[in-house]
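Read through the structures below before going on.
Shared between the two complexes below is chain A, which pairs with chain B and chain C, respectively.
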Partner chain A sequence: MSIINYAARVINFKVVYYGPGLAGKTANLQYIHRCLPEDNKGKMISLATGDDRTLFFDFLPVSATGVRGFTTRFQLYTVPGQTHYNMTRKLVLRGVDGVVFVADSQWDRLRDAVESFRNLDDNLKEYGLALATTPHVIQYNKRDLGAVAPLDYLEYLLNRGARRVPAFEAVAVDGTGVFDTLNTVSRMVLVKEFGQTQEARA
Partner chain B sequence: MARHRTRVRLSRALRVVAVAGAAAAATTVLFEAELGRGLAMPSWKVATAPPVLYLALALVGLRRLPLDRRIGWALAACGVNVALALASAFTLSLAHPMSLEGALLRALWTYLPAPIVHLVAAPVVMLAWRSRLVPVRTALRVEWMGSAPPAARPPDPALSAAAPNWDAVLRLSPLSARTARPGPTSFERAGHPRPVELSEPAQPAVAVLELPNDVPEPIAFTPQPPSVPPPAPPPPPAVELPAPAPRPPSVATHQPPVADEPVVRITFARVAAQLPPTAFLLPPERLAESLREPHVLLVPQRLILPQLGEGAVEIAWTLIEDQFPELAFAAPPAEMRQRLAGWGLSLPMDEVVRQVPTELWRREAPAADLSEIGQFPAPFNPGPPMPEAPVAAEPSPPPAMTIAEPSPPAPVAVAPDEPPVVAVPAPPVADRTPAPAVAAPVAATLETEESEALARALALGLTPLGAFDWRTRRPGGRPLVCFVPPTLVREPIDALAARAAALIERLAPWVVEQMTIRTSRVACVLTPLGSRGCLVAAVRRNGPVAMLELLSARAGRATGAVMAIAAPGVALSAVTTAPAQGGSGHRRLGEAARALAVFGAVTSSVAGAAGAAPGVYVFAERDSGVLAGMARAVHEALVTGHDEAALGRLESIELRRGRERAVVRPLRGQPGAPAMLAAAGQVALAGRAHRAVARAAALLEAR
Partner chain C sequence: MRIHDLVIHESDAARIDAVLLRFLSDSSCLAALLIDRSGQPLAEAGTARTLDVGSIGALAAAAFSSTAALARLLGESEFSVLFHEGVKESLHVSTVDDNTILLAIFDERTTIGMVRLFARETCSSVGAILAETRARPRLVGVLAAPLTAEETRRASDHRPA
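For the complex of A and B:
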């Protein structure tokens, strides 16, 4: 749920990078943090364990272009992917405007991706949200590795809704597909907030 | 394994004896009942009948075996026939008044029912060794194939289309001869079977077959009409690993199998590592050759399709066990089934997906309407990536944690109410130690930030132990970071920690790496961090103290702190001790010394009380005086003024440096007797040392 500060003409959106552990969510944020100019980004907060597993969440505030007189700010979060941190994932999902589901494309990680996707759906439902109505995209990460599943099978696993959502192949560590993913989900969030349908409703 | 072999041999012997006994008994009973005594046949016919009949039986019934083995079987059957005749002769001679020679003549040919009985019984006896010739299932399948041509097999039973029939899915359908290709097993095969090509695509017969109507829909988050033509049943509520179905008995293989069904061939080498290593007698290579289709496991496609949407496919043991030769098992099949109940084999998904026709699972849902996003330009225009921050060249880098102050507080930032594991700071309270009269505010701020950064870094190391509240203090000018579980009262633990930290500084010449204080209610572990202060962590008395010690030490090292530094020039005050003897006024001292053998070859000595300083029993190989001095320092710092009401009775104080441990324990004894026990030495088993001290203390308190 976006937060609008009319006095400052600032609107804040919350985008959560969701996915199983070690899928590359933090790598996405780290690459975004490295690539954005200093003026457009805040400090990245990351709380990780000694083996680089996200312990709580990563947080990166970024500002984007103005839309209709408002300055847009996107707060990018990741969640800890490990299964026993579901309470944290639920907390991070609170007030979410858009979701990037990051899946590891390797064969032996597909089951985790499916479970995590199902977990995302369940957690959204607890906030009265539905995946079908929440702007979200899917990112198939680690496409540079050898033992990866073909794209059509990944789509079969994760993109089987009534409407196929945008999906991107990515290699987060070198930035491939990272900004395509971010820009698409950001624009989907903007459409939901400022789109013609919304205006017509207003 | 040997037990199973013995069991198999014993079972075989029992069967042979039972059949032979039955044959002999039948012969005797028939003779006694005077049945068939009038029958007659030329003796040459009687003598030649068994070899002729058995040879014919071997030639017809064992067609898949080489000729020499078939002839061998016939000769063996003849031998068994003769042995049965001997057994019958023996029973006849016992049951009827006749000589053994006469009984033998009757059993062999003069009493015709006897050779007939032996003629029938001998092949039955030979069945006990049937697995030596050919596995049971292969034999039965061969037998079935001889009875009816494959074309005459009845078609598949009609499958329910209304709902997925899980029973039908789970039921093991015998694979047809075409898919299973019954062939020789390793027990009979001399040459190597046909090689398996890993890149071999699915067999055409597999790929072109249609999906059975009862294949359940893979689960979908949003139900949609399937693209597969047959009427799709509603998706199951959840795709679960199919429960193992009971394996049909071997005799049930006489049932006509269902029509050819598509199977997925899984290279055995890809899954061999998942098999329980103790479940088979054969090594994996031999096992692979012994499979029904060598080097390949066959999995019906209908079992795979329901799980395909899960990203992983698991097959229960009971669905593949019949592809292994029975004699390869380390235990009887029933026991194997019991042992491996719930065990599943994860199939390599790349092989599975490659062999399942794409049209069975591919969906072509329309793409979401994104036409409106064109009205918004891409919000983010990335520049060239900045180089990653170089890793600080510190000798011992901190854990992979980046803590940065958040920029302006985000309006919708999720404030974690109660993080599940991360330690959270306790509400600030006034430091009990007097603050400096004049303190520079900037310096105080820096010190606070330093302490908090240290606390956050230490908190990461303690996360496996659950939630802690932490508080930093600066008694004596050095940070004291104290982690206490929310379930414990903090103040008395803080007070204990402050006194213990001062004691550690006082004992600096002994180079204390860690101190563990045990009371009857809490255990408190202090880990000196050198110039960075001291880490204190407490748990309940029955909590994971050893784990706390380990993690505290690890957390201290992770912060880069020098764990302990000997204070040069300061020596521990040594106390004069006198050797003690068990019989000279200190009963049970010898028993206590023996109980403390875990500390090494300790000698017992006593330091007498002096003023307020208590007497001390000392058990150590050397430096008894120093140990007695340490015990007195412990008494002064911790025993005197101990808050027993809040923390419980003070049980022991354990000091550690390397593998050397010194344990000091207050004693409750008679007035005038030493009030402290101190033991020290190289200890490999810390828990055992702790118990030994408790036992020694109990002995000395009972003096």
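For the complex of A and C:
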């Protein structure tokens, strides 16, 4: 749910990194936090368990160059991926403008990815949203590991809606694909909010 | 449940600020923050010292949401007030409307009873203003025309240092 404040000249968007446990959602935010210039990021907050698993969410506010005199802020959140935290995932999705679905590319984690993707769709419906009309991208993470499924197969599993969405191969811990993912979902959120001139789409 | 986008025009922001300032004066609170339940800050008053409003908004909204979920598990629609007592400063959180909460930060110069009393009035006044803002057009003035591709690119271009 975007919030436009004409007095403060700020536009806020909420982007949620969703996906199964240990897929690398927190690693995405950690890399972004590590690499962005100070002026373009706020403090990163992680509500995690003792063994560094996300308990509630991670939160990182970031901003790029504004638009027409307005600052555009993207509030990045992760959800806890573990199956039994569904109520918490649902809470974090409240007011979401864009979603990054992070999947672990390894063969033995694909079932979890498919289940989590369905869970995302179900939870969006609780807020009257549909995945098809919510800006989202898919990130196939951990591409550096050995037993990973080929891209075509991952696309067949997770990116088979009426319109295919942008998908990225990534190694979140070393930053590969992390900013491509963030910039693309940010662009999709902006275009959905404001529209884009016809000539620009060409 | 459908969550609606929100726009705050300049005239509405001035009215909200006036209500929050009156609340600070009446209740002797140190600061008041208006937060959307998705975690995004909408307005603030009295934050003389630098507060990390973004982080406070995210955490307070999360605490309020999880408490509301707890309430539902107990058969309540929600707990409409949250109170966190600190050694020097305390936090009072109350419901403005279905999408918004009011945070009041206060110290020993006032009491929880005073805060609660004036927060109730403030929530009602702010809620009425927000009901009007939600009915207003979203994209006006410089934001009325669609973005160019270059504007979109720049506003979404996050780059490592």
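In the analysis below, the second predicted complex is superposed on the first by the 195 of 202 C-alpha atoms of A that agree within 3 Å, B and C clash if a C-alpha of one lies under 4 Å from a C-alpha of the other, contacts with A are read in each partner's own complex, and residues count from 1 in each chain.
The definition used in the following text is that a contact is a pair of C-beta atoms (placed from the backbone, for glycine too) under 8 Å apart; a residue touches a chain by one contact, two chains touch by 3 or more.
Here the structure is a predicted model, which is why all the values come from computation and not from measurement.
Asks: Should chain B and chain C be called a clash or a fit once both complexes are overlaid on chain A?
Replies: Once both complexes are aligned on chain A, chain B and chain C clash.
Asks: After lining up the shared chain so the two structures overlap, which partner does A:N5 touch, if you call chain B first and chain C second: first, second, both or neither?
Replies: both
Asks: Please work out whether A:A113 is in contact with chain B alone, chain C alone, both, or neither, and reply first, second, both or neither.
Replies: A:A113: touches chain B, not chain C.
Asks: For chain A, which side has the bigger count of touched residues, chain B or chain C?
Replies: Chain A has more residues touched by B than by the other partner.
Asks: With the two structures laid over each other on chain A, which partner does A:L131 touch: chain B (first), chain C (second), both, or neither?
Replies: So A:L131 only meets chain B here.
Asks: Counting only touches as set out at the top, which of chain B and chain C does A:G161 meet: first, second, both, neither?
Replies: Only chain B is touched by A:G161; chain C is not.
Asks: Using the superposition on chain A described above, determine whether A:F70 touches chain B (first), chain C (second), both, or neither.
Replies: The second partner, chain C, only.
Asks: Of the two partner chains, chain B (first) and chain C (second), which one does A:A149 touch, if any: first, second, both, or neither?
Replies: So A:A149 only meets chain B here.
Asks: I need the one stretch of chain C that runs into chain B once the two models are overlaid. Options are 19-27, 55-63, 73-81 or 109-117.
Replies: 55-63
Asks: Can you give me the overlap between the chain B contact set and the chain C contact set on chain A?
Replies: The overlap between the chain B and chain C interfaces on chain A comprises residues 1-3, 5, 12, 14, 32, 35-37, 40, 42-43, 45, 47, 56-57, 59, 61-62, 64-65, 67, 72, 74-75, 77, 87-88, 91-92, 94-95, 175, 179, 182-184, 186-187, 190-191, 194-197.
Asks: Can you tell me which positions in chain A touch chain B when the two form their complex?
Replies: 1-3, 5, 12, 14, 30-32, 34-37, 40, 42-52, 55-57, 59, 61-62, 64-65, 67, 72, 74-75, 77, 85, 87-88, 91-92, 94-95, 107-108, 110-114, 117-118, 121, 131-132, 147, 149-150, 152-153, 155-157, 159-166, 175, 179, 182-184, 186-188, 190-191, 194-197
Asks: Going by the contact rule set out above, which residues of chain A touch chain C in the complex?
Replies: Residues in contact with chain C: 1-8, 12, 14, 32, 35-37, 40, 42-43, 45, 47, 56-57, 59, 61-62, 64-70, 72-75, 77, 87-88, 91-92, 94-96, 126-128, 175, 179, 182-184, 186-187, 189-191, 194-197, 199-201.
Asks: Under the definition above, what is the set of chain B residues touching chain A in their complex?
Replies: 218, 220-222, 224, 308-312, 348-350, 353, 358, 361-363, 365-370, 372-373, 375-380, 382-388, 399-408, 410-414, 416-417, 419-422, 460, 463, 558
Asks: Under the stated contact criterion, what part of chain C meets chain A in this complex?
Replies: 1-10, 12-14, 36-42, 52, 54-55, 58-59, 62, 65-66, 69, 138-143, 145-161
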